[in-house]
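A, B, C and D are the chain letters, set down in written order, and residue numbers restart from 1 in every chain.
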Amino acid sequence: MTDAPNDGRLHHWVFTLSCADGPGIVHAVSGAIVAARGNITESQQFASADTGRFFMRVQVESPAGRDEVEAALAPVVERWEMTWHLDEVARPLRTLVLASTAGHCVNDLLFRQRAGQLPIEIPLVLSNHGTLRDLVDFYGVPFESAAVTDAASKAAFERRVLEAVDEHDIELVVLARYMQILSPELCDALAGRCINIHHSFLPGFKGANPYRQAHARGVKLIGATAHFVTSDLDEGPIIEQNVVRVDHSRAVAELVAIGQDEESRTLSQAVKWFAERRVLLDGARTIIFR
Amino acid sequence: MTDAPNDGRLHHWVFTLSCADGPGIVHAVSGAIVAARGNITESQQFASADTGRFFMRVQVESPAGRDEVEAALAPVVERWEMTWHLDEVARPLRTLVLASTAGHCVNDLLFRQRAGQLPIEIPLVLSNHGTLRDLVDFYGVPFESAAVTDAASKAAFERRVLEAVDEHDIELVVLARYMQILSPELCDALAGRCINIHHSFLPGFKGANPYRQAHARGVKLIGATAHFVTSDLDEGPIIEQNVVRVDHSRAVAELVAIGQDEESRTLSQAVKWFAERRVLLDGARTIIFR
Amino acid sequence: MTDAPNDGRLHHWVFTLSCADGPGIVHAVSGAIVAARGNITESQQFASADTGRFFMRVQVESPAGRDEVEAALAPVVERWEMTWHLDEVARPLRTLVLASTAGHCVNDLLFRQRAGQLPIEIPLVLSNHGTLRDLVDFYGVPFESAAVTDAASKAAFERRVLEAVDEHDIELVVLARYMQILSPELCDALAGRCINIHHSFLPGFKGANPYRQAHARGVKLIGATAHFVTSDLDEGPIIEQNVVRVDHSRAVAELVAIGQDEESRTLSQAVKWFAERRVLLDGARTIIFR
Amino acid sequence: MTDAPNDGRLHHWVFTLSCADGPGIVHAVSGAIVAARGNITESQQFASADTGRFFMRVQVESPAGRDEVEAALAPVVERWEMTWHLDEVARPLRTLVLASTAGHCVNDLLFRQRAGQLPIEIPLVLSNHGTLRDLVDFYGVPFESAAVTDAASKAAFERRVLEAVDEHDIELVVLARYMQILSPELCDALAGRCINIHHSFLPGFKGANPYRQAHARGVKLIGATAHFVTSDLDEGPIIEQNVVRVDHSRAVAELVAIGQDEESRTLSQAVKWFAERRVLLDGARTIIFR
């Protein structure tokens, strides 16, 4: 993260915070923003009745650089014991993509990134298969693959993930249909900065081949859920969900294709919100400041 | 079901069938329709790869009365060992509604029935509470209530249901937020002609208070599923599903209110399709000829 | 609107404002809230790049009564020349409903109001037809009808509307499929507090019988738009829109029925947001603080 | 179109037809299918009350080759004066793509085509700009560009289109955000086999910069419409429409990005249905046999 000195240009800051709720927080934050010569361009806040936490996201235009803004905020974040983050709006988030053989999510992320619709940069795609090399090459993104076939190769792959996270200052890891279960250690190491996508149904189906189960039960809606990865498989905080209507005439393979479309757009949406610092955690729930 | 003699008027028939799939079925059916002086106004069919069954629904305009149409169809239904049903389009289906205290689904059914949007007639609403008497009275529909507090009163209530089914020639029983679990015996007695509605989430939540669980997990979509009742609780063939988007700001009570809207419209839609003979069963799946 | 003295209970206030944008507004508002012993429970704001206006809605819990809160806000609203409104959360909005013969929107509003889903009270339904008297009676709401057949009876009806607005301290007039065009004078008199509902299509169809046009063109989506009434017919600021999918098999009458469902839920949603003070005007656009 | 001789393999035929409605059509068609040793795997039909035309699409598995099937159908299509088409299911449709500078629709078509989700082959992309050369190259598809700057270069471009249609036996021309208005002559030459995509709003906005108008009016839904090209600009028969929800916080540029997503998926869906012979024309309406 490059510093932004008092260089005369107008900065666009995004400041997110959470703290125990209580009177006067907004007043204190807005006072600090006035002190930092800032004008609020967007602001959202939420007080969680569940956890008693207060959440806020503000975008602020100001000629002040990072040092000046941080100095103005310092007494406030200290007084309220805030968890906080200060960033420049639209700074590309350094994002590592993990993939396997399915290309739909990877293609969608790469295309939107290049089209300027996703404020991320992708220094590397890591895969446990070589299948997507050509696709990733086309977008000029480095691609590495290493087979995961047993405990040893899985451990090696996960070490490479952590190494790449360090090497490239990764801020977000996206599981773009990466079909391996992460070890609890890796889940913990990436907690709060690793997003997964999976198909979803009403009701949920446990066990193998859920599309086949959904077909057998004749579900009328299939969808996708993007969520944070936790060591509790597929049970992390939900970031975004979408569904689409299907009917009895769809074969299992068609349900899969339809589900993949939902996966692509749902994952890209979740990544976009995360990159824009719109996703905050309130226990097992996400606050989405859309 | 009143007979429709050769009375000179143009009838509008709906004929549904299922049988083992094989070549020539459509040809045989359409031949019988030609023989019955019929013109097809709507036709749908589906061959199930899962069960090898063939399903068809045709609407036919014809001056022929029931006897003539049945006579024309007889060799075909016999030759193909069809499960079949012949009815007049838009004949109101005799429908028994079971309710408890929540009025949203009952109100929606009654209003749409009166507004001419649902081809059903409701000779009776049975409830295990007196709460909805005024609402049901307003629509001029008979209302009976009897408390269900123990095994004996539950058995008595269920006997009254079966009695009412006989007494009023009931063709469909709708559980409009009837909050009692039906006994396996009643489920069996009403198999294929009893529709239930319940809330639905992605993923599904087991156990008590699912709205609270959905809130805690921060789901972004909540919905409703209308399904046939089977003795396997909430697991019968799905007829219709809908979802609506929610966000972190919704309290549990708001999620409940939003979910109730989806329940109302989803149940009414399922009842409409059933009454129009658009719902056929293929094992555990429904074929919906929309 | 009853005053809320310092009576010892905890009040829940909703404060909305708009003013020319500039630095320090949020700080000033939150300072006034601190002064009024308030805790912010919900807050949204928006700076319009189009008009240079700033919009804010805050919900505040405070032991302070109206006088104390107003006194704390006074210097701020004066300094920033704010357009503002202070109200108690969930206070039922006094709502006049105008109707003609179609019952779907009126029924939906009355049912939701009684079910506690809409924070409004309806002292009167006025109609140019007697058709809906029984429905409205059932909900215990006074009903008046007077035929509108010529310029004189139309003027009389509109005078009765304005009289009823005065008589009942009406804060919102809802055109629930009231099929008369309001005079420009009445539009002006009710500006910003009169909501209409009409069907909508992509693309829009001008002229008579749009459902027939939509059918002829084979549209795949039909919908509804709830909007503020202005003297520019059907062109007022949009509050809410919904669509639903249709296909070629739908006759014009079916499109109408489907459209009516969308009208009901879209209108009720718009009324709910308005009653909750979530709808602010930014030129010809609405800001919806959902 | 390659012939399919009696080569011993099981063919999968799709047969579409339209003709004046009347009794006995289905019976005649199904009789011909029996004669051609066919088994119906999917069938849809529709009688248009507007035009009095009857439409049908059947998929048939049969060991019979093209000659045998055509011979069996010949008396029927003659007797009923049918407009008809016989094809093999999943045969890739020869598709010419016209583009300008925007890549979203072209990328979506190419990716889905390669992923096996679209039964088309694309022998050529023609553009009036060179912008998309790299993208198209990546997918191994020939790309040609020629500037269109005046009447002469426009006429030359359109001649090249018609030439390419001949040269590559093109069955479908897709305007994938091709930003030139086709001449009436070209529209006529491509009638019924040229699909365009454009953004859509409720209500529609006429004139330049509709996203800006939609923003100014505060629309809550924006969408896209895929339609056949006719010489009446943007008014051809609608094939598919989608919408997505937006709110007041979206700048015009964001509305554009959101609209582009809808354009991509709506266009690909329309192309898929067309390629699968699911789109038939009934006057100014499409029949979509989904």
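Definition applied: contacts are C-beta pairs under 8 Å (C-beta built on N, C-alpha and C of every residue); 3 or more make two chains touch, one makes a residue touch a chain.
Molecules present, by chain and UniProt name: A, B, C, D = Formyltetrahydrofolate deformylase.
As the structure is a computational prediction, the values presented were derived from the model and not from experiment.
Chain pairs B-C and A-B differ in how many C-beta pairs they share in contact, with the greater number at A-B.
The two copies, subunit B and subunit D, are related by a rotation of 180°, based on C-alpha atoms and rounded to the nearest 5.
The greatest centre-to-centre distance from subunit D, using averaged C-alpha positions, is reached by C. Once the centre of each chain is set as its mean CA position, subunit B and subunit C turn out to be 36 Å apart. Centre-to-centre separation of subunit A and subunit B, using mean CA positions: 42 Å.
For subunit B, residues that reach two or more other chains under the stated contact definition are 42, 46, 247, 249, 290.
Chain-to-chain contact here is organised exhaustively, every possible pair of chains being in touch. Within the complex formed with subunit C, the residues of subunit D that make contact are 46, 49-50, 200-204, 215-221, 223, 225, 234, 237-243, 247-249, 251, 282-288, 290.
Subunit B makes touch with subunit C in their complex at residues 42, 103-104, 107, 111, 115, 117, 138, 247, 249, 257, 261, 265, 290.
Residues 21-27, 30-31, 33-34, 37-47, 245 of subunit C are the ones touching subunit A in the complex.
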